[in-house]
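We just call them A, B and C in the order they show up, numbering each chain from 1.
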């Protein structure tokens, strides 16, 4: 690592990171080191560590964390007024493709990089950013509490079960009056990391029952509905009585959907929540490259359908300023930015994982 | 300037404005070049898309169009790309569109040429022009936010009433959301009405006055005149217009993508969701890689081939009908 | 419906209307039914137009304001406020550039067909293929430009969108311009030639000016159609949230693409923006259409 090319402001950023880690902090304003000397930015930014960064960052990728990233981008504007960050929620696949082709500075992705994605192995690093539960949202007049086991869930999405008063659903919901409304399954019509995580979960938790495999696009049964992006699925669920679909918590809440409690590995029915997600993250095993899989994690309070999301960055950037910008923005995202996560209904990373993520950013060369 | 021109008049011209001869040549080559551009673009479309789609054609062979399974990530084995269910969706939604649009369009065209009081003719033409001017994405927006939800009770009622009837009952099966083959067909019908109307109207306009007068003079009612003189005369032209409308409906992407429901589905139930070839491309292109991308481009190739065939057929029919009519008048 | 007024329709040269009263009931009924059906067809076309117009105006009008036309697109669908300025800029730039490419080329193509090629086999082939090209689905054109241009330069740009729209406009311009050139009286050409002008001079200084308003009007209709195209824009131009005035550098966006993106959102803020964008787009498209009608009307009176 060529440490001597790191600029002063990045060292400042690292210092900030250290402070943020120890303080786990709500006191960011006091911890900002920018005031110690030649910061030329008095006033609003208070001379933050990011204030003298300038330039443009473009990124694209996963739409799953889009709502959170856009909040961070918006907040970053006031911390670093001379930096323009554009995150374009094209979907993980496009993001990786564009990253591989050098069109964007970093990419967001819900799935790990595959051979066919066009990103050369060893040219990138994963930076985990946030995690979020994938809800099973439904719209069923007269029913506002629903519990589902993984097997029932698999049967519903395979259309083995076609009405809401099916015996399997009844068995999961003792005492609940279920109407005979036909089930309308809503899924993504575009390729999606959310689909990939949801189907991977079913593959793991309902092995033997789930037959559709897993991936960004799977062969959904006929007579199911496709929607564009998570919000498109949310729209179908909202519009249609009897509909059920998988939607990220953030979009599901913003749309005002109701969601089912899912039976986790420990046999408990858990509603999707940020606490349940963080509990799931703590139970997940993190690999050396920081990829991890919190799906169907153990723990009595863990919500089982928890999706991780990553940013992929280059190991080295040709342009030192670009590298500084990427480090700066991601530093912000993992420190002050993490506080915005809960407002947007995303779960911040547990401290241990965030440590590792920040260390990963530090390794970026350029 | 070594131009030898046998015509004495031209020779005078050449002598007087010699530089013009070169200009003439350059100009005619230039215009020819721009004309050839059309052929070049069509050729390039064919070459580039077929080349990029080849991995999928190669992997699937003829099954690309006969297989109904579309599974880029199967649980076991290789990816399967079968376009059949999307071709089915394209065909069904387009046919529904024709079923509604053709009678309406022919009706409007008859209204404009045979029936309309003079003061209504202008406004009626304006209505058609306005319909043609509304971009398809706006119909899509209207379709997904207004029409589809509003049609659910209508579909439900139709299913409840006619669901038990043999044969017909299979067409009006159970209803999920309002995004269905039927909704897509209805939106398409609105979109292709102007094009069918305007061509049919032109064709009706070429029916010789004498034929119509003769029919009326023989005591025919207006309808009998239309049936006996106007429609037989215009049959070829109407067929051409319908084919053009069909081509338009098949290629429509955005409005269909929004309202057809996004399911890989072959069913007689018109109230079920499905998908069309064009819609699948725009939905899945962004997130595809490798053979998957090739397969989506392959859908484009199939769509291109089908629309070209239909358009060639339609134009030839229209042109023949026009030529015959002109001959008839003379 | 004034079914009891047969004298309002009497064909010129038709004989005395002796048969009308003597019509059999069945024939009269059929005629009335057919008349009613034709009227119904017209009403059936009016209803959706009225409904679309009503919804777009009420819902789009609700968000329409100066700030909607001038502000950036919010980067989150859920956020209220913001505007469509980047998409308006994109639509105008992309469609305008496409027109600058397609109209001159299309007019020269039309000149070839009408002044040089006439009924030669090559000209007839080009004519047929131009007709066929008008039927090529816009999504296919989008794929074509993506494969042959976007992959080549390695970036989604506004210019790629302009290329796709130009390809869609070209055949329409060729065919409508050819119709207009055909209307130019042969005598004009002969007079010009007789005065010693070369054919190219005749074409550029006599024939083209005579047909120019018709060509302009036809081209404007092609532009209006292209401004509403969505699929190729989505595939080849990417997206931006603030205006990008440079078509050659960086992604861009356009109104149709924004309508499509926002149409499948469950959030009121996004749906409002979609309706607002739809209203803006319709105003732009109708502006072109009305302009075209005005020009062609002036042309028609001049001709007389």
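Criterion: a residue touches a chain if its C-beta (ideal position, glycine included) is under 8 Å from a C-beta of that chain, and two chains touch if they have at least 3 such contacts.
What you see is a predicted model, and the numbers here were worked out from it, not measured in a lab.
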item: Most widely separated chain from subunit C, with each centre as the mean of CA atoms; value: A
item: Comparison of B-C and A-B by number of C-beta pairs in contact, larger one; value: B-C
item: Intercentroid distance (Cα basis), subunit C paired with subunit A, Å; value: 42
item: Where subunit B and subunit C are represented by their mean Cα positions, the distance between them in whole Å; value: 15
item: Chain centre separation (subunit A, subunit B; CA means) in Å; value: 42
item: Per-residue overlap in subunit B, given as positions that touch at least 2 other chains; value: 144
item: Touching two or more other chains - residues of subunit A; value: 90, 227-228, 235
item: Residues within subunit C bordering two or more other chains; value: 264
item: Complex contact set, residues of subunit C against subunit B; value: 8-9, 11-15, 18-19, 23, 27-28, 30-31, 33-35, 37-42, 44-46, 48-49, 51-53, 55-56, 105-106, 108-109, 111-113, 115-117, 123, 125-126, 128-141, 143-144, 147-148, 167, 170-171, 174, 196-201, 203-204, 224, 227-231, 234-235, 256, 259-260, 263-264, 271, 274-275, 278, 281-282, 285-286, 289, 293
item: Residues of subunit A that touch subunit C when the two form their complex; value: 58, 66-67, 70-71, 73-74, 86-88, 90, 101-103, 227-229, 231-232, 234-235, 238, 251, 254-255
item: Contacting residues of subunit C [partner subunit A, same complex]; value: 75-78, 154-156, 238-241, 250-251, 264-267, 270
item: Partner subunit B, residues of subunit A touching it in the complex; value: 90-94, 97, 114, 116-118, 182, 184, 186, 189-192, 203, 211-220, 222-228, 235-236, 239-240, 242-243
item: Contact footprint of subunit A on subunit B as seen in their complex; value: 69-76, 80, 85, 144, 148-149, 152, 174, 176-179, 257, 261-267, 272-273, 275, 283-284, 286-290, 292
